[in-house]
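Note that subunit A is present in both complexes that follow, paired respectively with subunit B and with subunit C.
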Partner chain A sequence: MRILNALRADMKFQFKQGFYFVYVILTLFYMIVISQLPNEYAKYVVPIVIFTDPSFVGFFFIGGLVMLEKVQGVLQCLVVTPLQPLEYLLAKVISLAVLAEAAGFAITLVAYREGFNWPLLFIGILLTSIFFTLYGFIATNGCNSINQYLIKMLPYMLILTIPTIIYFITPSLWVLQLVPSVAGLNLVYGAFNGIALVEAVMYICYLVTLNVLFFIKVEKSFMKNMVKG
Partner chain B sequence: MSIINKSTSFKADIKTVMRDPILVMFFMLPAFYPILFKIVVKIITPIIYDYFSVNLVDYYGYILSFSILMTPLMLGSVAGFLMIDERDSKIQELIKITPIGYKGYVINRLMLPFVGSFMYSIVAYLLINIYKIDLLALLLVSFVAGLQAVLIGYLLYTLAADKVQGLTYAKGFGVFSIIAMADIFNINWFTIIASLTPFYWITKLIVDYSLFTVVAALAVNIIYLLILLITTKSYRYK
Partner chain C sequence: MLKVSGLEFSYEGTKTKVIKGIDFHIKKGEIFGFLGPSGAGKTTTQRIIIGLLQGYGGSVEVMGKERRDWGQSFFEGIGVAFDFPNLYLKLTAKENLELISSYYKNKNENIDLLIERVGLLPDKDKKVEGFSKGMKMRLNFIRSILHNPDLLFFDEPTSGLDPLNAKTIKDMIIDLKAQGKTIFLTTHNMTVAEQLCDKVAFIVDGNIPVIDSPKDLKVKHGSHTMKIEYYDGKKTKTEEFHMTEIKNNQRVFDILKTKDIKTIHSQEATLEDIFIKLTGRELV
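And then the complex of A and B:
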């Protein structure tokens, strides 16, 4: 029940901050662009758009959300409430995943005219979004303001985007598939262009394991650095 | 407001930017990303041609426009964030009662992204070096980019109640780069709507430089700027 209330509060806050409004506008523009592409191009462009924007949204916003709560003293107040750090983190991760799924599916359903593997797309967006939100949480460690987070964001982002770009250019470099962003991209891409079942299951298991490990790490460091620090 | 006041405040702005690493970073980035852009364009041009038989060279004008538009988007956002910061820390309340006043304060804050965007647009053109335009066209594009940085900075500042909203809107402003590319999509109504916004005209000045484009680009941008100044005036007396 507590987690549901936290989730509701987070989604309400995100709505008030304009997250959903901005994504409605962005989705409309993506729809305009994608609807002009022939289907043979759309099946490449749509997964890239979904991977680089909705799936990535958690990383962009989580630092701002956490830093604002830290500056306003919300985090310190949370310590004396029954809400556990795990529940706090889950509410943030789930609320941003909901935004990612909503935007990702809106773009796909309106702009993409061919069939696609929607359970795989759902799982791909979900796991990628959770990963990026938790990754963003890790980046907030040691930050005291949104400005500091914005600085830290860039190197953290480059660590994942550079291998993804290299993989895009040379897909034969199999070792890059171990990079979590590449695994996420392959799942989302596979939803539109097909992927072997074994390969999809391996990526899913890999991302689930990583997300669980990140969750444990974030929960520990959250209490230490964000609330007490 | 005297010239001395203006220059002192401008120097103070530079000092503020230099003190804050995030602002330094965003002011330095426009000098580096055209190089990155050029590398990526050179790498993906043959790949796109091999996979999709689309020759990106035909779109280099649009790519140049996109890379130039990144500067006002970045520097305008920095100025917007700076002003939100100062509003949160009540510094503006103090500035309002100094000889600079609120209007002077806004002008000074927005001068930085204007000058930065003007200069970095020229730098971006020279570094990316994939599409040739006249010197006069380049100066006009840079001037319009400067005006757009002012517009973006002020929009962010007036729309966002806090920095998280600032982040949200800064992300939303990404649609301006899609508006600037309106001609590519070949949708009449979208092109018409885009032409009513300033962002469309940087691309137009680059790929379709003519007397009409120059007049229209300046007119649309100056109208937006006038609306901005009027809003500033009414905001001042709130």
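And then the complex of A and C:
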């Protein structure tokens, strides 16, 4: 199957470019720091670390990946193969989600000594990772170098992180729950600190819908922005 | 194999047509040279045929079907080598080929043979980032033929290659033609076009003023004379004779019998001369 070959190719590319090496070091660092914390702090710190770091892998890494492929001209070559934009995007989304899940669970299993809702953690990391990967894809539109992307990603990040920080300080501002990053944070946080079933289902439905819409948008604009841009 | 009729194209947001109603067709097993200066419309036309640019006017019939009606399976039947090497720099030469090969139904079982053909076998397990431009171009070239496609697009295939490696690539293109492959060659190198192409089209400002075989063009636009250079004592003399007169011209035979000949040349024009004559433009 082409999609599996694309996934294998992506993982090989990420490994050879040193992405996994950087990430293993970062994850080990988090494990060591968090395991030093007293238990009562861990249940707050672990979800925040897992949300802000492994879940953001998509956003940080996707820009690097796409820009490296663009700069090396590989995208130009891929679009004249039978590989479909849908398969290309899926391979990226899946490979980065696997990385986010692996790091998220590694940190939790090593550094967190209490019980947690692992299916909810899995879903929370997955939906957040997919969202940020697609969001990162949108941010790469029109960029022709990694430096351009680094400048452009800042406002994109701030649009989501500022409301998340405000929500964390004042959770009563319910309207902020509509911000996708807040929905993702609540799912991950809920996996460690509990969350009402209805609330979790609503966040999941909301993020699934957003991810589907983003996927359609990115796929449609892929040829125009990624290849010809 | 490929039939282009009344092709027109404007880039989004502009009204200016960069391709202005061009027509040409390429038969199966033919090498078709698309020649023109930078900005003439060579790459745009190639990208329309490949399918990287949509929204064209006119008709582009490729492998029996209008281009806009083809799906992704179109790419199983074509191979493209762009004019710059687009390779995964951190992967080895062989990994690059295996990765791209995995996307095709027709997988190549003899990748090493292809690598050997372009002289890269000793370097097949080295990362491409350490390759010279010439090595990358050769790898880029064989990547386009990995899946044994019927229609090939080569954009400046000998660019950046030394004469020996350029010859290897030209020989491979001739072999591909012998196997019945159809080749669309984009270049501004007139020598390469003359050596390889069955037919050439000159494209200037989005128009094609001339399509013909290089040989016919040279005959039609040359002076149809023969120039003999010979030694006369310590001096070198030159005389020119019209081709139609040679067999009845005693002077030609006298020179050949009595003089030491330095050179004899028929005076057909070069493709470059003809291009300049017909288009009023230089190939830059």
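The rule is short, and it goes like this: the second predicted complex is superposed on the first by the 229 of 229 C-alpha atoms of A that agree within 3 Å, B and C clash if a C-alpha of one lies under 4 Å from a C-alpha of the other, contacts with A are read in each partner's own complex, and residues count from 1 in each chain.
Basically, contacts are C-beta pairs under 8 Å (C-beta built on N, C-alpha and C of every residue); 3 or more make two chains touch, one makes a residue touch a chain.
Note that the structure is predicted; figures quoted are calculated from it, not measured.
The superposed arrangement places subunit B and subunit C next to each other on subunit A without a clash. Touch criterion met: A:L83 reaches subunit C, while subunit B stays clear of it. Contact with subunit B, but none with subunit C, is seen for A:Y41 once the two complexes are overlaid on the shared chain.
Contacts of A:L213 after superposition: neither subunit B nor subunit C is touched. Judged by the touch definition given at the top, the superposed model places A:L173 against neither subunit B nor subunit C. In the superposition on chain A, A:V74 contacts subunit C only, with no contact to subunit B. Across the overlaid pair of complexes, the angle with its corner at the CA centre of subunit A and arms to subunit B and subunit C is 90°, in steps of 10. Of the two partner chains placed around the shared chain by superposition, subunit B and subunit C are both touched by A:Q17. Nearest C-alpha atoms belonging to subunit B and subunit C sit 8 Å apart in the superposition, given in whole angstrom.
Within subunit A, the residues touched by subunit B in the first complex and by subunit C in the second are 17. Partner subunit C is touched in their complex by these residues of subunit A: 2, 5-6, 8-9, 12-13, 16-17, 72-74, 76-84, 223, 227-228.
On the side of subunit A, the complex with subunit B involves touching residues 17-19, 21-22, 25-26, 29, 32-33, 36, 40-41, 44, 60-61, 64-65, 67-68, 146-148, 150-151, 154, 165, 169. Per the touch definition, subunit B reaches subunit A in the complex via residues 20-23, 25, 40, 43-44, 47, 51-52, 81, 85, 162-165, 167-169, 171-172, 174-175, 178, 185-187, 190. Only residues 50, 52-53, 72-73, 75-76, 78, 80, 82, 84-91, 95, 99-100, 102-105, 143 of subunit C touch subunit A when the two sit together in their complex.
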